[in-house]
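For clarity, chains are labelled A, B, C and D in written order, and residue numbers in each chain start from 1.
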């Protein structure tokens, strides 16, 4: 998992995780979403560079998605207009009853106002973007920094306070990685040797 | 109110508040707490310089404090060991039944593990520190940045997600204001002109 | 609405509603469900005579149904094995994406273990049973006494405590109206004199 | 414990408990409360005969009491005016800071509007009524039927739905125990002699 931030749970020792430097190991933008289409404004990752991005990977007939993943993403969208919130419909079961028409109804009935990309299927049961990102199920919540790097990926429920702290840290980071890009790369290379 | 961050509520337009620069207008450390004593480790503000600090101002027989203010401060303490959490017992009514002995029992029974300063009374109904900070009631939640400046002060319930974002932004700020102290002062002076 | 119990809401004056006689004015069994089929064990009302029955009328893509109507019916089923819990899929919109195949997936994913009847469509947008019972939307919660009479019908959220009190009163009623029907009528007449 | 209803928890098999006959084995009125005084209208059990009674035994500095026991009793009082709700301050620790003056402030600040009896101390740490009823801690919730018999006594949290069902069953019982009225009166008279 390309995650600079560990999965957060209330009982873990996270003393090392917060308050230190959150920058991911290498400022490589995360892979683009490979989708069949968008409901709402198309929102490829590349178009969101410069913003903190929260991606909610869900299935419309997944209880955990409906009960906490999607409502939390909706709260983030309502409260923090500068954070880009994007849905990703990563269907890996029950494809036959969760197609675009059903999804459109679902999004309207559940008041989802963020754009939703429909993850592309190429024959396997797991769709392409879900596989690329190594997601293990739904709901999965992903956070990307302003530079487009993935810094958090978590399957299951995320505590509001913990999610807020991570978003706040990402908001506080400058658009560009500290120094210029090449300097950053150099120092990273140094660290690996 | 010396607050660099506006009060947060879910329905307000906060687009200007998050994602921009949160630094308070001037890096003046907030006034020290004036307390009669401490339950737990004495924790004057000056001793916490370099840390993000959350102060929960409460009264032990205040329903809102017991129902959401104190539990939220406890969650912050449990989840973010690098954030200093401090209680301030700002009694402005019912002094006769909320003295130190009663407070000590309350803290033990409600599992409060952060240090609590007992705000000093000098004759008026409102205790000294509460007056100094202009607090209008309890529970009041205050946030201080690493430099010791007050950046948030709110009476009533604070949303977990919003509190988390503010804490995350403060954690991400360097210990020292950018540049050295004098440079910062200079640039701030410039901005005022 | 054939309801012997008024709709319950927390702020209404219900002093007349509880603690008095709940028996509906006449022991006329409610109309049978007219369904296209059942998922789970077929459970026509007639087969449940002698039991207290809770019917949850819902649509699988209705947010209120998913958020509180269905979970409450599931709690009743788990906690009170002697109460018969039955679902009724009363689809009045989005029929094209909420057919039996989709419904089956929904029930499995959301852990619904009570039988669900699929309300019959005869051309209009409102299905037959929904029309017969005068239901105004979803979720609607209905309670039937042991004699098969409808005693409560409510659109929207029902408080757990209030629902429990109604169920408890129905449980406490004997299978048969006290004595035989004519005796009951007699005693009621007596009481009025 | 003279309890005709078992302690209720969500995962237990209660098939035998609900829907059957709830009447306690013998209609012996429960022992009277032995209190030092009342805050609010004095409400000895004998004065409530004919009503379903819920008693909340609590301590003002007990977290579980404040978090769920007392709020639930308040909900019952608000929603079911025909159910008598009574508090019992059964202090078994921290007596020195939970006397009548402190209790009065607590009740006002937490919006408690039901009468509260102060359990009498006779030297031991456990007060008299608490001992008489064999209560093992706080919060404890007790239910009495219209005849004044104790039918439920539970330490800890009680589910709203379960509490509602029990109250509903008690409401549905006639004022006089089954059998004829005179026989009941006789046996009660006998017991008093």
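Assume a contact is a pair of C-beta atoms (placed from the backbone, for glycine too) under 8 Å apart; a residue touches a chain by one contact, two chains touch by 3 or more.
Quantities reported herein were computed from a predicted structural model and do not represent experimental measurements.
Chain centres here are means of the Cα atoms, and by that rule the chain farthest away from subunit D is A. Residue contact pairs shared with A-B exceed half only for one pair among B-D, A-C or C-D, and that pair is C-D.
Each chain gets a centre from the mean of its Cα atoms; for subunit A and subunit D, those two points are 51 Å apart. Averaged Cα coordinates give subunit B a centre that lies 41 Å from the centre of subunit D. Centre-to-centre, using mean CA coordinates, subunit C is 32 Å away from subunit D.
Arrangement of the chains shown, judged by which pairs touch: one closed cycle in which each chain has exactly two touching partners. Note for the complex: subunit D touches subunit B at residues 61-63, 66-67, 94, 96-99, 101-102, 105-106, 109-111.
For subunit B in complex with subunit A, the residues that touch the partner chain are 10, 13-15, 18-19, 22, 52, 72, 75-76, 78-83, 159-173.
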